Amino acid sequence: MTEGPTPDWRDALPWPGEDAHKHARGRLGVVAGKASQTGAARLAARAGLRIGAGVVRILCPPDATAIIASAIEAVMLTPFGSAEALAEAVEGMDAVVIGPAAGVTDATLTHVRALAGTGAALVVDADGLTVFEGWPTDLFDVLDRDDVLTPHEGEFKRLFPGLLDLGREAAARAAAKRAGAVVVLKGPATIIAAPDGRLAVNDNGVRWLATAGTGDVLAGMIGGLMAQRMDSYDAARAAVWMHAEAARGFGPGLIAEDLPDRLPQVLAALYSQDR
Amino acid sequence: MTEGPTPDWRDALPWPGEDAHKHARGRLGVVAGKASQTGAARLAARAGLRIGAGVVRILCPPDATAIIASAIEAVMLTPFGSAEALAEAVEGMDAVVIGPAAGVTDATLTHVRALAGTGAALVVDADGLTVFEGWPTDLFDVLDRDDVLTPHEGEFKRLFPGLLDLGREAAARAAAKRAGAVVVLKGPATIIAAPDGRLAVNDNGVRWLATAGTGDVLAGMIGGLMAQRMDSYDAARAAVWMHAEAARGFGPGLIAEDLPDRLPQVLAALYSQDR
Amino acid sequence: MTEGPTPDWRDALPWPGEDAHKHARGRLGVVAGKASQTGAARLAARAGLRIGAGVVRILCPPDATAIIASAIEAVMLTPFGSAEALAEAVEGMDAVVIGPAAGVTDATLTHVRALAGTGAALVVDADGLTVFEGWPTDLFDVLDRDDVLTPHEGEFKRLFPGLLDLGREAAARAAAKRAGAVVVLKGPATIIAAPDGRLAVNDNGVRWLATAGTGDVLAGMIGGLMAQRMDSYDAARAAVWMHAEAARGFGPGLIAEDLPDRLPQVLAALYSQDR
Amino acid sequence: MTEGPTPDWRDALPWPGEDAHKHARGRLGVVAGKASQTGAARLAARAGLRIGAGVVRILCPPDATAIIASAIEAVMLTPFGSAEALAEAVEGMDAVVIGPAAGVTDATLTHVRALAGTGAALVVDADGLTVFEGWPTDLFDVLDRDDVLTPHEGEFKRLFPGLLDLGREAAARAAAKRAGAVVVLKGPATIIAAPDGRLAVNDNGVRWLATAGTGDVLAGMIGGLMAQRMDSYDAARAAVWMHAEAARGFGPGLIAEDLPDRLPQVLAALYSQDR
């Protein structure tokens, strides 16, 4: 299915009710990597907050605390020193993003596993995927059906070697089944596939998104919608579409930092169509 | 009373005179919490400055100094190492906000008490309220009639168990009497109640405010008006209204960081109506 | 003389020539105070850069280095550990601002004296003035005719006790003579007086300037024009006028951080009138 | 040749294709100097990202890590402790900028040499040029034909003593031959000369560029286009023109920090002309 002009996920967008409060609107966690690489987590967190998660918290290694703390205001911060502490810190969270600049390290592997044991829905991106190269079933075994993987083609090949030979759509569909989770295969025409066989091809992709950090923003957007309890497959479709729409409105010269602050405009257009 | 289109607090807004100078325009303090959580205080401080307090100073634990210092320009900063030092640091201040990300700790409890002994009017918010759960009279005993409490429903229940059964308006009225201070019961229709029986229901609330940090901004706005010696009840009513008005103008995608910089527009509209 | 609509300093504004380069456009230094209070120096530096100084450098105590370094881009930074090192660091600079959040300490006193011995024209503001309370001739003795003092009334009284009894204009005139430097007596109608008897009353003052940090911005603007070798008396008049004009365009809700980035608009209007 | 209204480099601009991804769009490195002076590298990096390099990474001395890390988001960061580590860190990069605030030190000299031995095309600017004063052939010997030198007149004289007596155009042409690299002789009419004899005079220079940091932005822009595999001579011509165009659109009051965020507008105009 190619998204038409009024994709059905619009009806599923989680607009806050008149009596909304921040916790009811959803709690999102974003796991940061090492101290020199925290921008990715900050981009994801800001995107998650902009798209409507009521509370967004970055979870960081202790030595990254001061660096992140001076760069955030509405986003919150909790340092953690171990996988157990991480799992504890996400208690009560609705969704967690892990992967952006996480590092391809044993720690990242341990963190993904620890998060899978919590009640939070996961968005696993970037290094959080690459770290399972060679033993992807270790990842698939701990995923739930409402978790989301967001590989670009390179990362996809590491987790699903050979599968792309089927063509992108079939590959994404097979991957979602194999992983038992939603798979977002990023590219010029991003494919979103659910483990129950649902599949969508996003058709509003724009070339300006080919710049560092846009994947972090997308992961945060998906997580932000999931934190608001939108169905993961719908959340992924909606986020992919809005992400591209935000970029299209900007045009050449776009950098990832522009995207979160373009979301209000994209959301406003969708909101007014809904009324 | 529900606020009509031209609420009477408009006449009480503290516009600076032609011969104003920053100290005469009012001095506001904002107490920050631990180093990893200083964004809340920065949001409150910026809101207080935007709404017209002439001098705004964040008071922080020593280890938060560097983190805050690089993130502020016009807002000032004083580290303090004890409750006594805090009380000393607020000397000459007209109003102080305590609570946003303060931490539910003995230190916060001690700090609230120390501040209550100074000449500054207090806005007690968030953790500054929660820390008195179980012994609320310890708080009420030290409050003055021009102090303001800004609980959301959860915090209200901690300080006034059972009172909400009366309904929100009656509960707020009773709470203000019991606390001997202005109570701002936040929610879709925020109630503002004074210990002398005055009560207002704000009717311009917007759903977009359900996002982390908006409460910090509101506390800073109330404190900023009180620092300009506006009557505390009027200050609370005016701040609640302007806070919502700033959010309404923004719409979906709002995050708390947007609010302080929307205030000039809200203030300009009120100012031109006044001329 | 009250400034008319086309004050004569407009012809003296230092627009860069076609063959300008940054060093030829003037070098400004701004002395920062202690680590927790560097925002004032950053405001002054940004204002100096915006108003056209080609190179602006903050001079800071070593422990403030990291705090300032992460908050600047085009402004440069040199830490200094002693008054001698400070004097050395300003070599080749055209003008230096000292005073904003400098601290009322022996160090500030020593720094002002050290700077007076260099070839740079000085703008002495705030703590740089207050520190000479009780021994103002120690300051006056080291000033040159192209140095500028920028006291508000409180600071003026500390340096020139009793003089305000003459009225503001006569007091400023007498003060400029006594100090042997240009005196900018700030207030609703700011007076600018030169030691040679020239005097101007600025008439576009706006109430919105009564907020923390606007004085730091003004000091940076005056210094920025002086660095471009504008006559100090003209620089002070022009800066005072543009400072107020930038504030007027903003209106209620103004904070000092808004001012430097409003200067391009003010400058563009003046520039187009000049063509 | 003086650039006419439709310079031929427009056809050579590296617009991303529909199937672009960040790595394919080009990888740029920017070498930072000491901890107190990292703004220059951040300006260059942001400019490189804005002009379309898909991945931009700052390479910094270890003690500058925390300072830079809190000030970047989409730009990435790698600390390096030696010239070998620097060369290793740039592996796979398409272009590297060195010089802005690098310091006139042995380390800078060693770093330039180490970079010359990698596969990345170089932009050598500012201190990266000055450090070779007295032994310029040490630099020329390691340059490739697609490397770019960006001296202003002062730096040009240090590398090519006496050559300016030939006049600026002839001097630039001779310098490019002698250096075996593209030479960008900055000034009111910037000259771009290639070692194969191509030469262009940029004619849209604006006086507002005479402010600190604009050279850093230009170096980043040239590097950003080169990272996208634009011919170095074309990249230099295009960057010089767009740099001035961005400044012209801003007018008086421009500071270097304004330039990168003006690029989208300049790029959009060029892009629409191309369709």
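For clarity, chains are labelled A, B, C and D in written order, and residue numbers in each chain start from 1.
Basically, contacts are C-beta pairs under 8 Å (C-beta built on N, C-alpha and C of every residue); 3 or more make two chains touch, one makes a residue touch a chain.
These numbers come from a predicted model, not from an experiment.
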| item | value |
| --- | --- |
| Those chains which touch subunit B and also touch subunit A | none |
| Most remote chain, CA-based centroid, reference being subunit A | C |
| Interface residue identity across copies subunit B, subunit C - same or different by half | different |
| Between subunit B and subunit D, centroid-to-centroid distance (C-alpha), Å | 49 |
| Euclidean distance of C-alpha centroids - subunit A vs subunit D, Å | 35 |
| Residues of subunit B whose C-beta touches two or more other chains | 66, 70-71 |
| For the subunit B and subunit A complex, residues of the former touching the latter | 35-40, 42-43, 66-68, 70-71, 101, 152-153, 187-188, 205, 207-208, 210-214, 250-257 |
| Of subunit A, residues touching subunit B in the complex | 15-22, 24-25, 46, 49-52, 54-56, 65-66, 69-79, 263-268, 270-271 |
